[in-house]
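The following blocks contain the structures, represented as structure tokens.
Two complexes come next, and they have one chain in common, chain A, joined by chain B in the first and chain C in the second.
Coming up: the complex of A and B.
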């Protein structure tokens, strides 16, 4: 039965993983995300957790944790990790491998100050890293919740997206969302009609439902069937540039086929508004309040909020922008969200754009009101 | 015996994938000897369907399709955590990490030491040839004092990592041994004992194998020199046996 609870964001994430049927958390403690580990380790060693076969392992570092996560996924277990900041940087090595081999790793990433160790709580400066970290072309799915309830909702959804589409899938929160406490409706996905997708092993799976051919890029896979048994061999070190090209084009083709059904966005406010504010995550929540405050001053403003940062909701963004006379991008980073917006609009929609960039610091509704009022 | 083996009448383990032969290792390389010993042990124990083999980056990666075994090539130094994750998620899997001395003792040393400390139920095989081989002969943590290598042109320093001794120090109950490719029957017995320990779920299994690198030892033209260096130099610095 669904019930409302007073929870911290990180606990909402832990409960979301549990509700999604996740089995294994491989992690390494880091502020502002450690409470996900605290929650899961407690669940795993309790009687219910033991019955469900929950796995918790605190690794030697984030590199270890993220490669253990790959091991868990290869074994066909819904596995995840939770980190942020410098830990998120270290995990890019494994995320690259997951991107190359179409391994559905799931990570809860709570952004903290940057660059470097910086402040331990808040920023929006891990957008580039989450979307495009690693030495590939950024084929990972990134959801950005903007309130506690969405931490739970999208905390469940990331598992389904990952195992359905087989791309690395991340929830990109921040330390404010992770550490704040509030009311969250906890539910079993079944109650809401959400069917959870079953995972399947990449290795030692002898009764496969979804074939590996057509999923793992062909130069990376060799399958041998002998006496009715399948032996799958995977590689990511390739011999020829042409093979690497093929891997990348096959990944792109798979991505392009599903990106349109993955994208999510939200638009709030008067469609006739001259000012379009673009913001994501907790800054989008702040912008919603700002829109109400501006309305009281007789200024019409509208919010475009990408929920998926990757794939970016390009079409919807262009439609919203085409109706505006001014665009304001507000983010707790410099030119990370704004770059996505500019990429999306360049050569298609010509509307002046103002950037309100406050790296690693929160943005209040009244600040947004001031920026819009001064346009 | 499977058809390919019967047709060629080969003295290879049955779990070897004949289609991927000839192998890609250099002539005189020790890797195929170590892999053969492992393959025979797998055959004898009848565990081909249950083994998940993880291979590291470096010359180890050339083993990615050496066997008819489910095999994953990982990143440099990261094979141990991948196999740890897999074993935790699938306790029925027999998980073997096949790593070079650079992967195990340099870039992946943190993973090795902590997996040993946690007594993870995985089997780790480290090929020690005293050099970074695939990247072109640079200094490894196992390079012996005074050896001339590409990143130590004036001679390597006096220290070197003794893996099995180190693992034994951390984990008193693990299976810990060092073998050598020049003693194939001993090596097969060692691999079999190690695998049995792993199958029984008795904790961390660590096998180092002394192995020649004819290319970087510059002995490709002279098998006697290769054998001499392996048995008379390497095996003296790194004693073979159970720890």
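Coming up: the complex of A and C.
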């Protein structure tokens, strides 16, 4: 039964993983995400968790945790991790491997101050890292929730997206969303007509509905059959440049085939507005209030909010931008979201763009009002 | 657009700054209001300054932080400069006079100076009721929150603790009333 509760963002995430049918959390605690681990360890050690066979494993560090996560996925267990900041940096090695082999790892990432250890509080400066970290080409799906309810909603959704499309799938929150408390409606996905997708083993001789051929890039997979037994052999270490080219092109092809299905965005405000604010996550929440405050001053403004940062909602962004006379990108980082916007608009839509960059500090509604009013 | 009521609380780590803000927000929500809470968390706990933000309103509150407060609570001397930027005309101030001795920087706001720690220790003989006295005082200054419904929501918040120790409920009620009556 759906129930409204007063929850911290991190607890909403933990409950989302539970509702999504996740079985294993491999992690290493770090502020501002530790409460996800607290919640899960409590669940896993409780009677219900034991009955469901929940696993909680705290590794020696984030490198260990993220490779355990890969192990969990290869074995066909719905697994996830939760981290942020320097922990998120350390996990890039494993995330790159997941990208290379099309492994549906799920991570809840709450951004904290950067660069380096910095503050444990808040930022939006892990956008590049979440979307393009590692030594690949950034074929990961990244959702950015904007409020506590979405921490729960997308906390569930990431698992389905990951197992349906078989790309690493991340929820990119931040320290404010992680640590704030407010109303969250907790529900069983079934009540909302959401069917959860079952995981499947990559390794082990288990029955697979989706064959590995056509999923794992072909140079990385060899299926041998001997005496009626099928052996799936994987490798992510390649010998030839041509092989590695093939791996990358196959990943790109798979991505291009589904990206349009995955992208999500939200547009709020008057379609005739001359000013288009572009913001994501909690800053988009702030911008929504700013738009109401601006309306009271007689200034029309509109918000374009990418919900998926990767794939980026290029088409919708261009359409919204084409109607505007002025774009304001507001982010708690320098030129991370703004670079995506510029990439998307370059050579197609020519509208002046103002950047309001406040690295690793929050942006209040009144700040956005001031920026727009001064244009 | 009706703005929510904005509260900032600052004090020493371990004084219960975060708990007070959390209880206020949670109780308001239990009374059917919209409420959000967010701590200013850092690497320090005891020995450092803690700050917490709470907002209470009738409409959903999308953003947890704000620039100016309606209610400003300081529990120690060095909390004053730490949250001074949140003061505006008409901000109401509650100060814990046990640790705040120099009021010169906030005089023009006519702060309510209450010796919550002294009352908790000497009158109630339970130093831990300090928080409830502060909460009582705050309650009087938050529009749309009655003491009665707040007490009822406390029973939900502290259900487990009250069941274990029924005398705690009476003690909390008493401390809350004392704090409430200190504001005139």
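By definition in this document, the second predicted complex is superposed on the first by the 373 of 375 C-alpha atoms of A that agree within 3 Å, B and C clash if a C-alpha of one lies under 4 Å from a C-alpha of the other, contacts with A are read in each partner's own complex, and residues count from 1 in each chain.
We take it that a residue touches a chain if its C-beta (ideal position, glycine included) is under 8 Å from a C-beta of that chain, and two chains touch if they have at least 3 such contacts.
What you are looking at is a predicted structure, and each value in this text was computed from that prediction instead of being measured.
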Have a look at where A:119 lands relative to chain B and chain C in the superposition and call it first, second, both or neither.
second
Quick check on the superposed pair: does A:302 touch chain B, chain C, both, or neither? Answer first, second, both or neither.
neither
With both complexes superposed on chain A, which partner does A:6 reach: first (chain B), second (chain C), both or neither?
second
Figure out whether A:365 sits in contact with chain B (first) or chain C (second), or with both, or with neither.
second
Name the contact category of A:288: first (chain B only), second (chain C only), both, or neither.
second
May I ask you to decide whether A:140 touches chain B, chain C, both, or neither, giving the answer as first, second, both or neither?
neither
Is the number of chain A residues in contact higher for chain B or for chain C?
B
Would you sort A:182 into first (chain B), second (chain C), both or neither based on which partner it touches?
second
Overlapping contact positions on chain A, where the chain C interface meets the chain B interface:
none
The chain C residues in contact with chain A across the complex are 1, 22, 25-26, 29-30, 34-43, 60-67
In the complex with chain B, residue positions of chain A that touch it:
23-24, 26, 55, 57, 59-61, 63-65, 67-77, 79, 93-94, 97, 201-204, 206, 222, 224, 226-227, 229, 231-237
Under the stated contact criterion, what part of chain A meets chain C in this complex?
6, 31-32, 119-121, 146-147, 175-176, 179-183, 282, 285-286, 288-289, 292-293, 296, 362, 364-367
Listed in rising order, the residues of chain B that touch chain A in the complex are 2, 17, 19-20, 49-50, 52, 57, 61, 64-65, 67-75, 78, 81-90, 92-93, 110-111, 113-114
